[in-house]
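Mind having a look at this structure? Questions to follow.
A, B, C and D label the chains in the order they appear, each numbered from 1.
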Amino acid sequence: MKNGKRLTIMERTFKDRGEISYIISPGKDFFPSSMILSREVPAILEEFKNVRAQTVKLCDVLYPEDLVLSTKWYIAHATWFFESYILKPYLKGYGEFNPVFHRLFRFCSEPFPFSRPSVDDIYAYRTYVDAAVEDFIFHPMDEEDLLQIRNLLDMGIHYEAEIQEKILNNVKYNFSLNPLQPPYEKSEPSFQTEKTPLYPLDWVEFSAGLYNIGSSAEEFALDHERPRHTVYLGPFALANRLITNREYLEFIDDGGYRKKELWLCDGWKFLQESERTAPFYWKGEKGEWMQFTLRGLQPLIENEPVSHISYYEAAAFARWSDARLPTEAEWEVCASQENPHLGNFFRSHILQPIALKNQDLKEHKKRMHQLFGDVWEWTESAFLPYPGYRKYEGSAGDYHAKFMSNQMVLRGGSCLTQQMYYRTTYRHFLYPASSLGCSGIRLAKEI
Amino acid sequence: MKNGKRLTIMERTFKDRGEISYIISPGKDFFPSSMILSREVPAILEEFKNVRAQTVKLCDVLYPEDLVLSTKWYIAHATWFFESYILKPYLKGYGEFNPVFHRLFRFCSEPFPFSRPSVDDIYAYRTYVDAAVEDFIFHPMDEEDLLQIRNLLDMGIHYEAEIQEKILNNVKYNFSLNPLQPPYEKSEPSFQTEKTPLYPLDWVEFSAGLYNIGSSAEEFALDHERPRHTVYLGPFALANRLITNREYLEFIDDGGYRKKELWLCDGWKFLQESERTAPFYWKGEKGEWMQFTLRGLQPLIENEPVSHISYYEAAAFARWSDARLPTEAEWEVCASQENPHLGNFFRSHILQPIALKNQDLKEHKKRMHQLFGDVWEWTESAFLPYPGYRKYEGSAGDYHAKFMSNQMVLRGGSCLTQQMYYRTTYRHFLYPASSLGCSGIRLAKEI
Amino acid sequence: MKNGKRLTIMERTFKDRGEISYIISPGKDFFPSSMILSREVPAILEEFKNVRAQTVKLCDVLYPEDLVLSTKWYIAHATWFFESYILKPYLKGYGEFNPVFHRLFRFCSEPFPFSRPSVDDIYAYRTYVDAAVEDFIFHPMDEEDLLQIRNLLDMGIHYEAEIQEKILNNVKYNFSLNPLQPPYEKSEPSFQTEKTPLYPLDWVEFSAGLYNIGSSAEEFALDHERPRHTVYLGPFALANRLITNREYLEFIDDGGYRKKELWLCDGWKFLQESERTAPFYWKGEKGEWMQFTLRGLQPLIENEPVSHISYYEAAAFARWSDARLPTEAEWEVCASQENPHLGNFFRSHILQPIALKNQDLKEHKKRMHQLFGDVWEWTESAFLPYPGYRKYEGSAGDYHAKFMSNQMVLRGGSCLTQQMYYRTTYRHFLYPASSLGCSGIRLAKEI
Amino acid sequence: MKNGKRLTIMERTFKDRGEISYIISPGKDFFPSSMILSREVPAILEEFKNVRAQTVKLCDVLYPEDLVLSTKWYIAHATWFFESYILKPYLKGYGEFNPVFHRLFRFCSEPFPFSRPSVDDIYAYRTYVDAAVEDFIFHPMDEEDLLQIRNLLDMGIHYEAEIQEKILNNVKYNFSLNPLQPPYEKSEPSFQTEKTPLYPLDWVEFSAGLYNIGSSAEEFALDHERPRHTVYLGPFALANRLITNREYLEFIDDGGYRKKELWLCDGWKFLQESERTAPFYWKGEKGEWMQFTLRGLQPLIENEPVSHISYYEAAAFARWSDARLPTEAEWEVCASQENPHLGNFFRSHILQPIALKNQDLKEHKKRMHQLFGDVWEWTESAFLPYPGYRKYEGSAGDYHAKFMSNQMVLRGGSCLTQQMYYRTTYRHFLYPASSLGCSGIRLAKEI
C-alpha cells in the first residue's frame, strides 16, 4: 500500500500510455494495464460469472462418471487457480475450502485414482470460491496490488476458457475409446455436408523485413505471449487455406504412412509404436472412412479440413507436398492483417471444422481463409520463451515457463475455442505426438 | 427334452446316489446334484434375491464416481453371468438387454475408459436381468437341462458373492491411493483394540497317508474344486494360528526386506520394482506404523494377523522362520476336521482380521485357530487342474480353466468373504505379486 | 574332521545302503553317496576335465563378439560355481581369482553392458579355477566334508553340462535375430530330410495307483529332484510320440492363434504382446514355412517334432486336441520304464529334433517314442518343491529353491542336452512364455 | 556430364564469388564451393586418410567385445556413409561390399543383438571402402557432379570426426556401468589438479541489433548450419566462463534436485524416473564426490567445468541462478568474435574439461573463456531448420532434417571434439534428457 491510499478497482483512473518500442524494456511496465482496466467492475464480474457458468453448462449433458476421467480435475483445477493466485494471497482472512485440494489440483499434480473428491465436492468447491471472488472484486485494495489482481483475474478467466476446450477434447477422446461410441452432442449438425467442389489452394506472399510479434503491454496477454519483440523474416508464402481430408487421403493412398523418408526420426518411431496408419479419429478403411466426432461416428467429409493431426503427421505431409509448415512468426505476421472475429469457433456450436463453401469461392475477396477457428495450425516453432521473456512473479509464473521443452507452437484457435478470449498473439502448444487437440495443417514455403 | 416330459424344479424327484470312490469317473455324473436341489424353488429364489441385493447394498455408501474404478464392471459382470450362461441359452425368446454389453462385461474383456455405460445403465441392466431370472425359475424346463440350470444358478450366486469381496478390496485399494484417504465404513469398529498378550504359536501334527481332497459330486462346488481325488501326504505340521503383525515386524526389523537370500528370484525382482519395504497398506515407519483399512487409516494392531501380504512376502517370511507354507492338500486335510462356521467373515462387519483374544487362550480347547475367515492363507500350491479335472461344458467352462497358470492357491476365506457361500474345498487363487486380496500367512513344516 | 582322520577320495570305503522307503526321512542321509563315490578319483577328474573342455569346444567356432551376448556370462558363471562352492569353502588358502567376479557371475547377478571382463579374462579365470580344482581333488580332506565335496563336484559337472545347452540356445536366439542369419554349425545335417509318412499317434495307458517318483539317496541328483516320494495317480494315457510340425500346422491353419477360447488368459495376453502367429523360429507363411536352426534358415520338415513352443502354445494345442499335457509324475512313471540311453541327444550332433523313421514304424516294438532327447516336453506341473524338499545347505542351496515360482516343469531332455548327465528324474523348468529352449509337446488324457 | 567435358578434381578452376547478402537465395548456389575446393587432391586424400586412421587408432586400446556395444555400429556407419553417398551413386561399376550392410548401418537402422558382422568383417568393410574412395578421388568426373562429390567428401570427413566423439562418449558410458570401472586411457592426466582459486564470473554485454549467423556459401558447412541469415537480437549478456563443479555443488547442497519449482515439467518427470540427484557420472556423496572419467574413477575437481549435464539440469541451474541459458544466436554472435583455435579439444588428450588457471586470471586479457572445447554448451534454442533451410538432395539429405524435433542445440565443442573439423557455426544437438555427451553450462541474461 502506497501512502495509505486504498482504491477499489472502480475508483482507479488510468493514465495514457505511449507507444511501446519493439526493443522491450521489461520490468515495472511488464505487466500490462489489462484490457479489463478500462472496463467497469460490473463488466469484469459479468465476464467472470459467464465464463464460470459456461464450464458448468458444458458438463451438463455428462454423467458424474464421465467427469471422473480428467474432466473433474480440470473443473477443480480452474477453481484452484482463482483460490490459489487471487484469494489466498490477496483476500485477507480467506479460509481455504480444503487444504488438501492444493496438492490435488495444482499444476503437474500427481495423478491418482480420482473417485474422490466427488463431483458434488468439486461443485461445492466451485461455488465456495465463486462467492469469495465475487465478493472480493468489490473490496478496496492497495493500489500496488490492483494491477496485479486485475491481471490475475483476466488470466483466470482466460485460463477457464482454455480449460473448456481441454474438457471437450478430453470427452471426445474418452468417448472415442468407448465401445458404445457415445455422442457428446446429440443434435444434428447445422452445417451442410453434401459434396462441394474443392476450393483451390493458392499461395499468399510476404516480403522480407523486420516485423514485430508478440503482445505489447497495452493488451491483455499471457506471460508467454510477451514481450512484443522484433524478428527478421525472409520472404515467404503461406497457403490460403487449410489442408482437407481429401488431400490428406491422397497422402495416405500414396503410401505416406509407410515411407520412412518422409518422417522425422522421432515421428517414425511414433508411427511404429502407435501403429497409426491414418489420423487418430478416423476409423474404417479406404473408400469407407468414418470419423469420430463430438456428434459420434460420422462419415468423413472430403473437403473438411483434416484435424487431430500430430506434428509428426503434419511435418510428413508437408514434406510429401514439397513444402513446410509456417513458423509462428510468419503465421502471426499474416494473421495480424486479418480479422480474428471471423471463423468457426465454439460459439457456432458446429464442434467440427467445416469445408469452405461455394459462395466463398465466388466472392473470393479474402486472400486467406480459415486462419481463425476450425483447427489449431501446427507451426515449425518450438514452444520456447520469447527474447526478454519474464515469467510472472509468484507461483502464477509457473503457468507456462514449466512447459517450455519438447513442445511445438500451434496458432489460430479451433472450432472448440472460446472466440472471445482468443488473441492473434495466442501461443498454443502441444507435444509433437499429440493428436488429441483439434489440430490441422496450413502449408508454407520459401519464395 | 426327454419323452416330452417337462418338469419345474419343484416337481423333480431325487434318486439316492451311492458313495463316490476317490477314483473319480467324470462324465455323465460330473455335474453334481447340487445342494440346492433338495431345496424348494422359493429357497433358491430367496438366495438369488439376497445375494443380488447384497451387492447393491455394499455399494450404497459409494458415489457413482467411486464405481467407475472397476466396481461398475464387477456389478455388470456378475449380471452378465446370469444373462450369458442362463438366460441366453435356456430362456426361449429372451431378448438381450444390450448386445454390446457381452463384449464389455465378459471374462478378460478389454479395458477401456469406463465412463459409459453409466451407473444408471448398469443398474437398469441389473434390474432387467433379475426380473428375467426370477421369472425363469418358475418356468417348466426340460429334465436334461434342469440339473445344469440349477448348477449354473448356484455358480452365479456363488460368483456374485465372490465379486462382493473383489469390490471391497477394489474400493480399499482405490481409497488407499486417494490423498483424502476416505473410509468406506465410517462407524467405529466393534472389536477391542487394546494390547493383548501374544497368543502362543504351536504346531499341530498330521500323520502320513492317503487322503481325499476336493469336492465330491454330492455337494455344490465350482469346476476347479473337482473332482474329489486321492493324494498321498507325508507327515507334516501346521501352525495353530496365523502370523501376527508383531511377528511380521520382527521380520522387517531383522532386515527381511533387504536380505536377498530369503527371497525367490522373482520375489526379489518384485521388491526392486515395487520398492516395497513393508506390507502394502502399511504406512509410516518403525515404531509408528499405521495401516489403511476400510475404516480409513488406523494404528497398526500388533496381535492382529498380518494381511495384504503377497506370496513373495509370505514365502520370504516362511524361509526366515525356517518353515514353509502349507500345500493346499495339507490345508484341506486339516480344515476338513474343523467347523467352517466359526470365524471372522464378512457378516461380523469388522472388515479387518482380528487378534486372538485372551479367553481363547484360557479355554484353549481348539487345536487350530483362525483357519476360516480373517485372511486367505497362501499355500505353496500352484493353481492347476486337479487330476481328472473337466471344465464345465459351454462357455461357463471358461470360468476357471483360463486362469490356470502363474497363480497360487489360497485357502480359508477372509473377513471380507461371504461365509454362507464358503466351502472347505474352495480354492482361491492370486498371482504371487498380488497383495490386494486380504491374504496372510500360516506356517507349515515337515516332521 | 572326525577323529582327526583325513581321507582322500580314493581311500574311502563305502557301506552298503538298504532300500529307501518312499516315506522319506531327510536329514543326515539327505545327501546321497554320489554315483561318483564308487568311481576312482581319476574318473572324477576325467569327467571334470571332459565337461570343462566341452564348453570351450562349443564356443570354438564363435567370435569374441558372439560371446558378449550372455554366453560369456555363462562360461564365467559355471567357473564361479566351482570357485564359490568348492574352492573358497574347502581349499585352505585358496586365493580368489578376482573378488569382483563374485558379484558379476553369481546367480541372479545384475545385468550390465558386459564388454569387460574380456573373453581373455574369462578364459584366464577358467584356467585358474580348473588348475585349482584338479589339484584339490587329490588333497586329503576331512571325512565329514568328503561327501559334500563329491556332491558339489557332481553338481558342478552337471551344471556345466546344463549350461552348454543354455549356450547353444542363446547362440541360436541371437543368430536368429541377426539380419545376416548366420549358422552356428556350417556342415550339412547328417539326417534324412525327405518326406516320410506320418508315424501314427497311439495312446499308451497306465493304471491308477501309488507310485514313487523323484531321486533316492543312492543316486546323484540335484536338490529339486529329491526326495523320492509317493504320489497317487488316477488312470491316464500318454501319447506314444511327440506332436509334429505338420500337426501343429493344422492347429495354425484352423485359426488356433486367433481362437481366444483355446488359450489361457495369460497366454492370450502373451500372444497379443508378442504378436506371435507361429512358433518362435518359424519364418515365412502358409505353404512356404522356413525354420531357423543352428544350421541357419532351413525348410520346415513336416514330420519333425515341433519345437521352441511356449507352455501357452502347448496348452492351447492340447486344448484344441481335446487332450491335456501330462503331469510330471505321469511322465516320470512312464519314463522310468524306458531306457534313457536311446534318443536324439547332443552327441548325435544333429542339433535339431528328428522325425520318426520308417523302420521305427515297421519294427514297432516300442510302445513309447521320443521320450528322451529331441525336445523337452512341457508338463502341466508347476516347478515347486517336492514334499520333504530340503535345499542344500550353504549358498549352493540357492541353486533351485530361488526359482520355485511362476515356472513349469519340462521333462525328457533335448537334442541339445548332454546325455551322460541326463537322468529320468531330472526336472527342467521354464517360464510359460519361454520358447527359447528346445521344447515341444506330448499329449496326455484321462481314461 | 555437360558437353562431354570431364574433369578430375585437380583440373577444376575456381571462379571468384561475390559477397553473399544475408537475404539468402538458396538454389543453385546453395551448395558451397567447399573449403577443400581450393586445396589440391592430395590434401583431400590426406585428410580422408587421416580422419579414417584416427577412428581406428581410437579403438586400438579396446577389445572386440568393447566394440560390440554400439562402437562397432559407428565404425561401420561412418564407412556406410562413404559407400552409400559417394561410391554407389558416383563410382560407375562399384560393387557393394555386402548389400545387407545398407540395412544394418544406415541412419536410424533397427537395433539387433549385434555380434555379427564381426569386428573383423567391419574392418574388412572399412578397408574395402577406403581403397575404393582413395582410388575414386583421382577419377575424372562430370563437372556437374564435382561440387557435390567434394561436398559429400567433406561431409563424410566431418561426420567421421563427429563419430569419434560419439565413440568416446559411448565407451565412457559403457565403462561407467561396468562394475570393474575400467579406464579407457591408462596414462596419468597431464593437467594440474591441485586446488586453485575460483576464477571470478563476470558478464560480457552485447548490444541489440541485426546480426548474421549461420554458414555462408563460401565455407564448408553441413546442411543444418545453412543458410547464413539475419536475426534481430535484443541486448544481452553472457557469462565470461563455464559453470564449475563447485558452483554446481552449491546448487545440489541448496536442495536443487528437490525443488520442483526450479524444474521444467518434463525435467521433473525425468528426475523422478531417473532418480538422479547429481550429474550422471558423479558417484559418492556430499564431501566425497568422485567422478567417472575416461581415466576411470577420479576425485571431483572443484573448479573444473561441470559436465555431462542434461538440458533439464542446465535449465534448473540457470533458474536457480536467476539467469537463463543463451540462445544459439547469442552464442554465435559472441563466438564469431573469438578465436576458435584456442581451447581444450581432443588433441590436448586431457579427455576431460579443465579448470581456468591462475595465470588466466592474472593476465585477464580475454573477455570470454572456455567458449571452445571443454564442454558443449547448452542453448535455449530448439534444433530446428534455419529460415531458408534446404536439406541436401539425395539421401544424404536425411543427414540432419530427420532429427529436427525434440532436441536442443549445443555449441562450442568439447574436450572430445576434433578441433580441425570444428566451426563456429556448428550446431550440435541432443535430447534434453541426454547427459552422455560432454555438455555443460554457460549462463546468459537480459540487460
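Heads up, the rule we're going with is that a contact is a pair of C-beta atoms (placed from the backbone, for glycine too) under 8 Å apart; a residue touches a chain by one contact, two chains touch by 3 or more.
Keep in mind it's a predicted model, so treat the numbers as computed, not measured.
Within the contact network of the assembly, the step distance from chain A to chain C comes to 2. Averaging C-alpha coordinates per chain places the centre of chain B 37 Å away from that of chain C. Annotation: 50 Å between the Cα-based centres of chain A and chain B. Between the Cα centres of chain B and chain D there is a gap of 62 Å. Residues of chain B in contact with two or more other chains: none. By the contact rule set out at the top, the touching chain pairs are A-B, A-D, B-C, C-D. Residues of chain D that touch chain A in their complex: 23-24, 26, 107-108, 208, 210, 229-236, 260-261, 263-268, 311-312, 315, 324, 327, 380-382, 384-385, 387-388, 395, 398, 401-406, 408, 432, 446.
Residues of chain C touching chain D in their complex: 63-69, 72, 100, 103-104, 112-120, 173-175, 177-180, 182.
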